[in-house]
Amino acid sequence: MVTSDKQKKLLILLGAALLLALAWLLPASGLLNPYIVQILMYVGINMILTMSLNLVNGYMGEFSVGHAGFMGIGAYAASILTVWVLPGAWSFWAFPGVLMAGGLAAAVAGLVVAFPSFRTRGDYLAIVTLAFNMIVKSVLENLEILGGPRGFLGMPRLTNLFWVTAWVLITLLVLRRLVYSNFGRGITAIREDEVAANLTGVDTRRLKLYAFLISAFFAGVAGGLFAHLLQFINPRSFSILKSTDMLVMVYLGGVGSLAGSLLGATIFTVLMEVLRPLGLWRWVVGPLLLVLLMIFRPRGIMGFKEWGWLGEGSSRGGRGTPVVSSQ
Amino acid sequence: MLQILGQNVLNALQLGSVYALIALGYTMVYGILTLINFAHGDIFMVATYLSLAAAVFLLGLPVGLPPVVVFIGALCFSMVLTALLGVVIERLAYRPLRQAPRVSAVITALGVGLFLENFTLGLLGPEPRHFPSLIPPGTWEVAGLTIIPLQLLIILLAAVLFVLLDLLVGHTLLGMAMRAISYNRPIVPLMGVSVDRVISLTFAIGSAIAAAGGLLYGLAYPVLDPYMGVRIGWWAFISAVVGGIGNIRGAMLGGFILGAVEIFTPMVLPSSTYRDFVAFSLLLLLLVFKPTGLLGRPVFERV
Amino acid sequence: MPLLEINELSHNFGGLRAVSDFSLEVEEGELVGLIGPNGAGKTTIFNLISGVFKVSRGTIEFLGEDITRWPSHRISSGGIARTFQNIRLFKELSVLDNVRLGGYARHDYTLLDAVGRRKNFHTEEERQRQRAYELLERFNLSPYADALARNLPYGEQRRVEMARALISGPRLLLLDEPAAGMNQSEAQELIRLILEIKKEFSLTIILIEHQMRVVLNLCQWVKVLDFGETIAAGPPQEIHHHPAVLEAYLGRDGALTEEDPERAVKAPGIIP
């Protein structure tokens, strides 16, 4: 069935509206088990985290392994706003703004990682991002005013399925548009061959900056959503283990693929829930999966491939041959 | 004042020795594979638990073994087993990725480390374990400073191991093979050297030395928990990078620098909880301005 | 005013002198050759011009501006394009994307325009896409537009690299051993192609090449390097008989045949 551009856009809009409506109605109606709703929200938050990390690790081919640091900053920033700054009644309406503020705080922190990325690549950037994650955790643990290692609480439960869905859709939209543009192509060029990219006129510094900032922003938003779901956060929630979980989701679902990110987040989150009876042994699964993935299928399930309408725009007018598969 | 300073210098030397021993493992593997073995700190942690197990076992024997024997027994046991662990990890997790892009190897290393941590956690539970004391108590007074035998043991044993390793790398065929592989891996097999063997041996030696560090650490700071590898491992890793990763003497130098940072920071900054922050910030700054570390060599890219 | 002016360019790798006091003036419309044995410093000079290596000694002026300290992306978008000895395409990207990336700096919209999918984004994208298709057509690459760059045969990959270099409308083109790996007839094709695109795209070209036939048939002026130093310069006819050049390529008392150095030089297929 061939659909024109306009029809496609309409379908997508309708689909999104439907999704949002469902996200609003289903929990409210009580048709859905609250446990399931909670899982769905976790899946959504993880989707945002995975997509944002995929931008830097998948599309740009960098080594960011401390992503939880950004999540933590966003979580704390948003929480500070709702618990200390905003009067109670405002919180509900200001929630999107609060989340964005958390995202912005994380984005500013993204600068800390972006600048070293200009000069270092590969292993060294991994170290920088890991160090960043450690520093964030360390600073949070030392700030007694924020509860230190005991954590911060008192956030109103503002996160619901509707907001999570909305933000998943926003992240998806923004990233898809970014990826299928000049800037997105430039970002993938950096992954392929940074020196050649520079020699082709791509301003790699600026692109790296954009990528890290945007990636951090969405991670911060996810952090805010997380904080207002649990209503309690502590530095331990944003440790290297959390960063590793994010890595698993990215590499499981597929690098350089938004659909892959959605898939990876879903599979991983559900898996972790299913394995809850294992107790402490649950936490062995993530790392083990990661190692196995790296050895046997480093690109993930949907490496570099996209899904249906998530793929490249349609303004091609029927030219060009089908894509030669990379597998 | 001078006395406190002198005392702290000794403490820094002690701690620095442990960091340096572990840093050696990081640096050797990086030198030969250009891989940051993020699992190394956790290998150290496992080694420490292995020493604990051996020590407890030997001490529990009906035959009353003198502490020296227990010490040596625990040392040998953990060094051998840890060397084996290192070799197994290399064989299973890293060797398949020799030709893969670097991302994969780095992330795998992270995964292995976390796996070890959580496996140990699952196996032994989160409660900390206590390391038995093996060194006779007592102190010596030298030039106004108080030295305990344990401190001396750590510094001396570490020094001996450094010298041995330096000799190995600089003056033996194996060492030459290691250095050759670090410069130009593809041609080494053409010279009749089994790259796989040398790499396995490198992991074995690096892990064994870390095990020695583990035993010493356990004796000096007798509380063990499965996440200690993260903390110590990171500091040791920073030591290796600061000194110049890939460079053995750099690792030793870096270890002592970090030991000094850890001991002396509380003297300068009121709250000792900022040590981590200082260490990591140091790392970050160094990476931005001198990524190859103090003694490292710069890398070129051919266009 | 010359298009490109290089003054006393020098470069070291650690203790090794790679380039010594290299100077060159290239007028608009010229086709200059850079030859010399392997390791003579030719690619290093290209790297210095295009900003891959930081220039520590010497200056480079392009269109009257001092580009010595410019970052490489600025140099590329400023009108100097190049191809590489070992093809450096973006392997996992499509041929179309590779070529479009050549026009990266020409895409006239901001990040916000892209995310907001504003009108100017769509028109600009379409414009650049059409331009890319035109170039693919020109180089007979249209059937490959959506194929992954790494799946193309060698010759096609070289042409993609050329299309990518040309889409931004450069004034100066640096070609690094474009005939590498080609046999006589392929090299002949290449000579024809280069002359064509030079006229079509109004290019000034600097060419690094080992195949003497290509150099002799294309270049108006040749500079010879050995161990980073310029050992000869002049029109191609003069160069290939020049004793210093022969010595550099063949060694002091070496010759491919015992008696006749002339014959030796002619052997690799040079047109008399």
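Note that the chains take the letters A, B and C in the order they are written out, and that residue 1 is the start of every chain.
Throughout what follows, contacts are C-beta pairs under 8 Å (C-beta built on N, C-alpha and C of every residue); 3 or more make two chains touch, one makes a residue touch a chain.
Predicted model only: the values in this text are computed from it and were never measured.
Centroid distances from subunit A, each centroid being the mean of CA atoms, peak for C. Averaging the CA coordinates per chain and comparing them to the mean over all protein CA atoms picks out A as nearest. In whole angstrom, the spacing between the mean C-alpha positions of subunit A and subunit B is 35. Inter-chain spacing, taken between the CA centroids of subunit B and subunit C, is 49 Å.
Rounded to whole angstrom, the centroid-to-centroid distance between subunit A and subunit C, based on C-alpha atoms, equals 42 Å.
Under the contact definition stated at the top, the residues of subunit B that touch 2 or more other chains are 303. Those residues of subunit C in touch with two or more other chains are numbered 52, 84. Within subunit A, the positions touching two or more other chains are listed as 195.
Per the touch definition, subunit B reaches subunit A in the complex via residues 34-36, 93, 96-97, 100-108, 110-115, 118-119, 121-122, 125-126, 230, 234, 237, 241, 271, 273-274, 276-277, 280-281, 283-284, 287-288, 291, 301, 303. Across the interface of their complex, subunit A is touched by residues 50-52, 71-74, 76-77, 82, 84, 88-94, 96-97, 100-105, 107, 109, 111, 114-117, 121-122, 125-126, 128-129, 133, 143-148, 151, 164, 168 of subunit C.
Subunit A contributes residues 57, 61, 63, 65, 115-116, 119-120, 122-124, 126-128, 131-132, 134-135, 138-139, 141-142, 195, 240-241, 244, 247, 251, 279-281, 283-284, 286-291, 294-295, 298 to its touches with subunit B in the complex. The residues of subunit A lying in touch with subunit C in their complex are 174, 177-178, 181-183, 185-186, 188-189, 191-193, 195-205, 210, 304, 315, 319-324, 326.
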